[in-house]
Each structure stands twice: as C-alpha cells, then as structure tokens.
Amino acid sequence: MTKIKALVVGAAGYAGGELVRLLLQHPAAEICGLVGHDNAGHRLDEVSPWLLGLLPENVAMIEDLQLDKSADVAFLALPAGISAETADELLRRGVKVIDLGADFRFKDAEIYAQWYKKPHARPQLLPQACYGLPELWRQEIAACSLIGNPGCYPTSVQLALAPLLKAGLADLSQPVIADCKSGITGAGRKAEKHLLFCEANDSINAYGVAGHRHTPEIEQGLGRLAGEAASVLFTPHLTPMSRGILSTIYVHLRRSVSQSELRALWGEFYADEYFVRLLSPDVWPHTRWVAGSNFCDINLKLDERTGLLVVCAAIDNIVKGAAGQAIQNMNLMFGFDEKTGLQQLPMMP
Amino acid sequence: MTKIKALVVGAAGYAGGELVRLLLQHPAAEICGLVGHDNAGHRLDEVSPWLLGLLPENVAMIEDLQLDKSADVAFLALPAGISAETADELLRRGVKVIDLGADFRFKDAEIYAQWYKKPHARPQLLPQACYGLPELWRQEIAACSLIGNPGCYPTSVQLALAPLLKAGLADLSQPVIADCKSGITGAGRKAEKHLLFCEANDSINAYGVAGHRHTPEIEQGLGRLAGEAASVLFTPHLTPMSRGILSTIYVHLRRSVSQSELRALWGEFYADEYFVRLLSPDVWPHTRWVAGSNFCDINLKLDERTGLLVVCAAIDNIVKGAAGQAIQNMNLMFGFDEKTGLQQLPMMP
Amino acid sequence: MTKIKALVVGAAGYAGGELVRLLLQHPAAEICGLVGHDNAGHRLDEVSPWLLGLLPENVAMIEDLQLDKSADVAFLALPAGISAETADELLRRGVKVIDLGADFRFKDAEIYAQWYKKPHARPQLLPQACYGLPELWRQEIAACSLIGNPGCYPTSVQLALAPLLKAGLADLSQPVIADCKSGITGAGRKAEKHLLFCEANDSINAYGVAGHRHTPEIEQGLGRLAGEAASVLFTPHLTPMSRGILSTIYVHLRRSVSQSELRALWGEFYADEYFVRLLSPDVWPHTRWVAGSNFCDINLKLDERTGLLVVCAAIDNIVKGAAGQAIQNMNLMFGFDEKTGLQQLPMMP
Amino acid sequence: MTKIKALVVGAAGYAGGELVRLLLQHPAAEICGLVGHDNAGHRLDEVSPWLLGLLPENVAMIEDLQLDKSADVAFLALPAGISAETADELLRRGVKVIDLGADFRFKDAEIYAQWYKKPHARPQLLPQACYGLPELWRQEIAACSLIGNPGCYPTSVQLALAPLLKAGLADLSQPVIADCKSGITGAGRKAEKHLLFCEANDSINAYGVAGHRHTPEIEQGLGRLAGEAASVLFTPHLTPMSRGILSTIYVHLRRSVSQSELRALWGEFYADEYFVRLLSPDVWPHTRWVAGSNFCDINLKLDERTGLLVVCAAIDNIVKGAAGQAIQNMNLMFGFDEKTGLQQLPMMP
C-alpha cells in the first residue's frame, strides 16, 4: 500500500512531537518532512532525544516548506496568523491542511479578530474550512481539505455537553460554567519562568480568568450544537501534571430530567463512538486514565438540590485535545478507518 | 512564662503532624501529650521519622486520655462521633477543646445527622460550641471553650465570599458554585489504593460530586454571613500535589457592581487581617505560594459578559484549613496575639 | 492468522496491567484469561478503570487456573514460591510459562534460598528454565518453555555492562557499584503507607541498602557474561516518579582504554539491537525518554582522574524491566519477530 | 535589641528567596537591602509573589550596592567572578561577606581557575576567607569576615564522611564514589528548557558526569578532614522534586570495623550537633524529611560482602546546602547562638 505523506510544521513543540509519535505508528501514513523554524538544520532527535533511532533517515528539520513537494497533508502547529498564511500556500499546492491553531476554528472573522487582537490573515479561506471535531461533524470533515483542529479545552467541553445540547435540554438563558484543569504541556514547550518545574510543581492556579481565548470557541461550538446562542464562563487552571485536561461543567436544565434519563441520553449519543467512554456511575474521570490515548472519558450527575447538572470530561490535551484528534481528522479526510493508528491504550500509571 | 499545655489526639495523621510541627515552634504552648490509637506505645518519631530529635522526651503516644491530667487544651483529630464523646470527657475535666472534625461545626444536629449518616453523639454540647473561623467570628471564639474547627474546603470558600455576603451583594436566589481542588493530604494518611503515588501522580479527578459532606457546612457558613439561606453546589477534586486547596467560586450578583468597587470591598474587609492577602490585579492565587503558612490568598474578577463574579482563594489545607487555624483559635481562647507561633513564611518552591 | 492465547496471572498489579496493555496491542496474541486472586469475580476494568471498553468481553478475573484450558502461554506476576508451583502445573498442561518473579531466575537453588529466605518450591525445574534477557541469551530463549523474566534492576545493569564484560575489560577483582533509582511502580500496587502520594512525593530515599534481593541476580548475570565471579554492591532508591529505572554504574577497568574505544565497543555490541540505544556523547539517559517503551538507553564516560568507568542505563521498569521484556521473550518463543507488538514510542512528556 | 542589618544580593533566585524567608523569621537580623540586577526597580514581591505583605516597606530591589551604607553583613548569590569583585568592595566598606558562590571556597586559586575556566578575580582575598561548614570549622568561621559558603553537594558529602575521615578509617588510596541526587532548585531559577516542568517531571537523569565543578570542592574538603589527598568520583543527578539532595557515598575502609563500631563513631562525632541527625538503624534518609529545615540526616551501612561502606546523607539543598548554612555562619560570625532563626521544622508532607 502506498502511504500518504504527511508534513509536520512545528515538530519541536509538544503537539508537534505528539504528531510525530502518532504518525510513526500509523500504518497508512509516513512523515515526509519536519519543519521547525527555531531548529532548522538540526535533526529533530537533537531537540527531542527520545526520538533517537525512530525518525526517517532523510528527514531534517527545515526552515520553510520548499522541500515538501510531495506532501499529501500538512499539520500546522504554528502561531496564530502565520498558520493562515502557510495554509493558504499549501492549499494552492494541493496539500490538505489540518491546522492545530485557532486560525480556522471560527466561522466569523470578527470574533477571531476580537479575541486574538489582530485581523484574520486569510478570511477568504474560512468558508471552506471545517471544524475538526469528528464525533460531532464527521461528514463535513470527510469532504474537506482545510481543518481547524479544535482547541484542547473546547474539545472536552463540547464532547461533555453535546448529548444535552442536541436534545435541547440545556437552559442556555443561563451561562454555562466550565471550570477546566490542564496539564502543563497545554502551555507549550516555551522556556518561561512560570512553567519551570520548581514554579509549577505541587501547585495549582487559575489563569486568564474571564478572558481566555478558548471562550468564544466554546460558545460557538455549544451554540451550533444547541441551535441557539450560548454564553460560557470559562476558567482554565494550570495543574501540576504533564498531560491531561479535566473539565468540570455546570449547566442549567430546561426541564426536570432524572439522573437515569440523563445517563441514557449520553449512553445512546456515544453508543457507537469508540473514543468517547461513559464511565460507570460514581466512577469519575481521571486524566491519567486517558493519558497517551485518544479517549474522552465522561461522567455526569444531576445535583437535585440545586437543579444543576455537573458533567466531567477528561482527555489527554495533546492527543484528543490536539495531535490525536488531528490524526483522526486525517483518517476521515483520506477515507481510512477513523481509529487507524490511534488505538494506543492509556498509559497508566 | 508558664506555657499552656496542649494535648494532640490523632498525632500520627497529617493534620495531627502539622499541629505538632506548629506547637513545637509556639512560644507560649508546649505539648503535654500525644494520643494515637493505632500507634499506642510507640514514639511519634517512629511513625513520623522527620520529627526525630524534636519531640519532648517524656511524650510517648498513648491509647487513651488517662495520662493527660494537666492539659489546658486538647486538639482532636478523630473520626466523626468519637470526637464528640472525647470532647465531652475533656470538657468535664476542664480542658478546652478544639475539634478538627465535623462534630461541632453545625448548629443543627439534624443537618449533621443527615450528611454524616448517624445521630450526633452529644447534641447537648452544640449550643456552647463555636465555629472557629477567626477572621469571621473572632469575639465568640475568644470566649468559648469548645471549638468546631472549620473544614478545609469551607474555610477557603467562606473567606473568599465573606466581603460580598456581608455587603449583601450576592444574589443567593441562584446557587453558588464552588469548584475546589485539594492536595492529597486532604484525604488523610490512610493506606488506601487510590491514594498511592502511582494512582494519584500526574492526574486530577472530581470525587463526591453533588454529595460531599462539606456542602452543608459551606451553606451554613455562607447563610450566616448573608443573613439568608444559601444554596451551594460544591465539587471537590483530588489534585496531584501534597498540600493546598484552590477554590474557584462562581456567584451571581444582586446588582451591577464594578470590578474596582469589588476589589475595594475585599480590600477593606481584610485590611486588618494578617492572614488574608488580596493579591494584585491579574495575579491569581497559587496553592504553593501559601504552602506551610496560615495565609489565605484571594483574587476576584467580574466576568462582564455573563455578569457572574469569579473568586479564587488558596490556602494550605492542613495549615489554614486545619492545624494552623486550630492554633489561631487557641491563641484567641488563651488571650495570645492571634499570630503567635503562626508566622512561618510560605515555603516556595 | 490464528493468534496465540495468553493467560495473565496477577493482572490487577502494575506489571500485570502493563502485560494487558501490551497484549491488547499485539497483532499475534490475544488474552484468553485474567487471573487475580484478590479480585476474583470482578472484571479487570472495575479495578483498573482505564481499561474500560478495551477488554475482551468474556474475560472476568478468576481465582484459579481451571478455566484456561486453551492457553498457549502464561505470564505469571505472583509472589515468590507461588510462581514455581503455578508454573509447574501449567507446564504439565503444555502451557509455556514466562514468570515475572524470581523463582526461575537463578541457576543455583541455594542462592535463591539464601536471599529469598525459603527453599525453592520446585528446584527440579531450574535446569530447564532460561533467563529471559533476549539481547544476551536470545537463542536459548527461543528454544525454551520456561522463562525466568529478569528483574527490573538487573535488566538495566546487565545491559549497561554487557559489552565491557564480554570484552573481558572489567576488573572484577574490585566490586561493581550499581546505584539505581526506581520509579514507585517498582514497589507494586500495594496499599502501604510509604507508597502513598504524600509520603513519596517530592522525596528520594535509599532502601534495602546492602541487602536487596536483586544483588545475587545481578552478580549471576555479570559473572556469566564475564566468565568469572562478579561482586556487586547494589543500592536501590525510591524516586518520585511513576515509572523508570536509572542505573548509574561504577566499574574498574582491567587495562587502560580510551573513551572513544569504549564508545565503539558499546556501539558495535548493540549495533543490531533495536531496543538498546547508545545516546550521543554528553547526552545522558532520562527515564522519561523511554517511558512506555521497551527501550534501554545507555551512555558511558571514562573518568580519567580515577580510572573508573561510569555507565548509565535507563529503562521503563514495567516495560523493558518486566512486561515488555516478557512479551519480547514470548515473541522469541513463538517465532515472531522480536519487536512484534513492542514498537510503542516513548511517551514524552 | 538592635538587630544586625543584612543585605541580600541576588534575592530573586531560589537561594536568595530562601535567605529572605529565613532572615524575615530571624529574631536578631533584619533585611536592609535587596539587590537583583535583572529586576532592579521592582519590588521582590512582584517577582516572588508569595512574599506579598512580608517584606519591609522601604526595600526595593536595586541594581547596585550604592544604597546599603548600613549593612553589617552581605549575602551574595551571584555568578562566579562577580562575587569576588563585589565581596572586595563590601569588605573595604567594613561589611562582612558570606558568599554562596564558589569564589571563596578554594584555598588554591589554580584549582578554581582550572574548574571554573577563568582566573580568580581576587586571589589576594583567599587567605582571609574561611570555608563555612560550621559543624567542621566552627571556630575559624566565628573569627572570620569572609565566608565561602559550601556548595550543596559538598555539604552533604563532607558531613556524611567527616567522622570516618577524622578517625583515619577511610582508605583513600581508592577513589570515593559520591552518587548524588538533587532537586531541581539546584539548577537555579533560570528559564531554560531542560528545567521546564514537562521536561523534568517524572524523570531522573545524570548530568555533568565525571566533570562537575563540585568535584574539586569535595576533594579539598575530604582531604582536609583526612589529612591526606582524596580522590572523588562525583555524579550528580537531576531528580523530579523541588528541593533536597540525597548523597549515596561509597568508601573503602582502611581496616576491618564492625557496623556497630561505625554507628558509634558517627553517633559520638555528632552527639552535640543539633543540625545533624543519625537516623535509627535501617531508617534511611528521605529528602522530604528535612525539607525547609537546616537538618542533615545520615545513616550508614557496612556491606560485609564487598567490604565497602555505604553512607547516605540528606539535606535541603537550598537550606543546609545554601541559605540556612549561610545564616548559621552569620550566627557564628556575630556571636549568636548557632541555631538562632534556624529551628524551622521539616515540612512533611
């Protein structure tokens, strides 16, 4: 079988590294190029020594895209704005693009501009882009050449609430509260003081309170599922672990529903979804239980005292929240079984 | 100066160990007895070897209270129910009691019975007990001989919201949401599988969702501050760190208030409180920044999009959330300066 | 293709769980039974919830071996002594056995008895058992039905020193010093106080100094490679991480050899070994760089000032140090390519 | 009582922060100035927010030393070379100097030049400098105005071996092997990639093998204690914890000595030393058991099989290994009780 050729742009970061890890184990894809601006000219295993002996021999990191004449698909892990320009160039050459950044996640360039503090670099591409959350928008993705791969937090919140929203049971006249806890890979592989081991170890803190850029992405996603506008108060937290997101979500219900009806709703919605697991009653998702895998674990409980519903969802932020979901999108775009190359089991402990 | 004599019951646990750590550094108190049922006959430094060389020579752990004829005050870290019986016996002997468990936290024995699944062992003592949160109920505590030392989660939530509630600005017709993250000492020093390093490391999870026993304690505390009933949805999380609680709290406002008015409200309320620190705008509490200290760090932000207020509070769960607050109560009860023996700085990193 | 049927005895522990993780991803093997005495009657995913949805439907944990009439191979993760009895029974039924415990690691039942403080339960089986370190004893293993899978520490030390010992360059008149650091999975999934998160977090300590049972296994292994007796001083340390062993080994040389000659020696010895990686000069093994994989990373440096050679080797203690190596042995015993099902990449971070 | 005035140069680093933590709790000293080049003009609590509310009001960080006209003592946490120049200037003004760097640790400027790769900036000051390890050189320190505060690793190794060396029982014709494990604060508060949480978490590695600059300091210290030259092979390791050093040391004996004689030797040598604790037989030092304190915990075992002695010593690398020892030196230099301000108990967990 001829393998499809994949280009990874931004390979030296954590999401890029995870793309490499998954692509090297993918039976139907191979890496044809690695791009890393800061590390051009170096082999990736100099920067990420755990890849020693595992990379294709002829692949050095390059500064630009000149060499990748043969790519079928490109994964972009780039700063906002740069992504859009790079995607434009690649699409012109006939390369399908899966962008792990935010440039193609929004339908509305104005919302992007407002939260990302700059005009969108290629608004004309937005109509042809698809939001790459396969469990929700599988058919669109399969027919698309330009994917806005969802943010890590938005992935967990949308998967957590989709059954309720699609059933029209959420009372969206009240804000949804998403209290989310992320491992430190979420902040990227940047040499910044607050990300040092000794600053982050044994400590948890909120950040970006009432102002994080994933807020409008979550609102767009929930609104699309519900068919009405959704208002979200999203609080991210930096948690002393390498990987994982746990989202604890509080939502008002439109009418009285029992705990067992709610469980049935989630159970049916995800009955055929390999990557979403509804845990047993009273077993709550642990981020470590999905580490290294593409799973999203969910549980929920109706608080009868307040009438609010609490939903918890756990993902590995750089797998289902980034690289794994990107591969899942690639599988759909190229007609492979969606699970291809993504059946790594959780690594616990 | 004659030092007061303190008895620590349950010295081999984490809260008990912290009481010992703080009492050994207290200039006006000395340990006259250590009680630990499981370890009776052993010296505490056999069970907690880091105390080698630091304990008074004549203090071995004993199984019961027979030996402590001379105690002025007793700290109880015991299971629910046992505490009340022990406190009764000690009070009869003229020993002041600070109970770190839940037996004397509730005004209403019915609520206790409902959440702790058993009748209260000494309901007749409740009228004379005080809830030991010094920043809020200082005067009562000073005149009291029986203190219900607050739970770790309730301490953080009440300190976080007190300025708002006392000002009558919280809209309590809507539930308050308290999403709280605790270090693993919160679960005690029990040899249980889910508390093993390899189970808890690098992972976060919710537990006791919509059913944790600290819920009614928080509701009682908030209600008392506001002068009206409060409804709370409280979700605790087990976080991969040894110490610390971070509470992220979502509350509706009764009327429109500006961010600067809100900051001023907290600033004034805690202006004279040594142990409560309102952080600079946009600096959010980190649990590590209070580790080993009796501080409670707070910040807050009005989310103008949803109208909700977000308040974050961080404490060391076994200091301000247990042993430190207990010493603070002791200081009040014996007429010492409230800060005596409690000015350990945070140990960061 | 018909898959071989594998039985995992002791599936609820960490090594057992890792066997399950690897077997579920193995293309030529399938799990036919899971045995776990303490959890008989329960499904494994009740005890290890991260396996939800991944286990074969008809496999519950059973208390004994009655049901596994069809197994081709059994992996035993059992206490010393019990293993030998179970192996005996399985061998009589024609099941090949890979024992992850110590019962079949020693050629000399006396040494076993001396260090494990009891007579060997089936000394008559020792002559037919092979020591399962594939890189060193591949041919024997392929022809064998009873494998003593090496200990985690001994695996790392033997792979680290094999090139030197086979070349006759180690001066074994002096003791070899092996200072080894293990992640906490090495102590098993037992609810013991010293393994609690709060006891082990942020701390390192030596244990079993000058008396750990892996000492004679290392001595036997090094002696066999060198063709002469070896004396080893082995110090294990409990390190605050879930997985991984780093062994730092100090050895005297028989004659003067240069750093470059030594690198060449290791390079050649392991040139064809997929699972052993000699890192670039001045890049030292990190346990995380092999986490979840079957790799053993090695580097070495001659200390010209003292004439001693320092060798560092890192493995994942429950993969190359237990379950991964067991699968590697299974592959050899059944004629599969040795890497089959073992090409998981390291999960970093 | 008039307090002595202390200047902290390099206050924004981890050792500097620890000096501040300890000085703020010292009853006989007060901070008169904080110097931090990178952060000049900012208050220290902007860079280290856990100090909010704890710093003297009139102390901002300054770029140079112009303002500190009144200091009695200065603590320097500066790069090699800069320290010597700064110390020279301060000494001329009559300020006593405790240098936490290496500039005044060596008697021989040549050895310094060889290992630190540059000539010593003020070799003329070396004769008047004392090596500040109070348990070993107390009297010299008390009479000295310029202290070379020992390195963290060398402190632990010298305290571990002093009883043996002073008794003339070490066979120094063979190299001493010091296998040392350090928490990540040891690398300083620098924004470097390898110190990021996600790079260091859950991993251990050796570094600087056979070339670390603490080697000659350890050799000088051991040689001085033994009265003969000592050769040391020192291997440091980066360990996933914030604080702590555990040194495991292997040393040959000159003659046969029993385990009990050896324990007695250590017990007598340190009988009057508050900060050195010989643990009970078979209880091995844990770094966490000394965290935040100035203790050095020690245990030892004779390996009768090889004749080698194994000694383990644990310290908090930024307390006894840096700031705490510096305060201990200050106490000696100013005639205070050596323990003044240093009786913080270990913070465990």
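A, B, C and D label the chains in the order they appear, each numbered from 1.
Everything that follows uses one rule, which is that contacts are C-beta pairs under 8 Å (C-beta built on N, C-alpha and C of every residue); 3 or more make two chains touch, one makes a residue touch a chain.
Keep in mind the model is a prediction, meaning the values are calculated, not measured.
Participant: Which neighbours do subunit A and subunit B have in common?
Facilitator: C, D
Participant: At the interface of subunit C with subunit D, does the proportion of residue numbers present on both copies reach over half, so same, or stay under half, so different?
Facilitator: Same, since over half the interface numbering is common to both chains.
Participant: If you tally contacting C-beta pairs, which comes out ahead, B-C or A-C? Let me know.
Facilitator: A-C
Participant: In whole angstrom, what separates the CA-based centres of subunit A and subunit C?
Facilitator: 36
Participant: Taking each chain's centre as the mean of its CA atoms, how far is subunit C from subunit D in angstrom?
Facilitator: Measuring from centre to centre gives 38 Å for this pair.
Participant: So, what's the distance in Å between the C-alpha centres of subunit C and subunit B?
Facilitator: That gives a centre separation of 46 Å.
Participant: Do you know which subunit C residues sit against two or more other chains?
Facilitator: If we look for residues of subunit C contacting two or more partner chains, we find 14, 183, 185, 198-199, 201-202, 240-243, 286, 288-289, 291, 349.
Participant: Please give the residue numbers of subunit D that touch subunit A in the complex, ascending.
Facilitator: 14, 183-185, 189, 191-193, 195-202, 240-242
Participant: In the complex formed with subunit C, which residues of subunit D make contact?
Facilitator: 175, 177, 179, 181, 183, 198-199, 201-207, 209-210, 215, 231-233, 235, 237, 239-244, 246, 248, 250, 284-289, 291, 301-308, 310, 312, 314, 349
Participant: Spell out the part of subunit A that touches subunit C in their complex, as residue ranges.
Facilitator: Those in contact with subunit C are residues 14, 17, 21, 24-25, 46, 48-54, 185, 201-202, 242-243, 274, 277, 279-280, 283, 286, 288-292, 297, 343-349.
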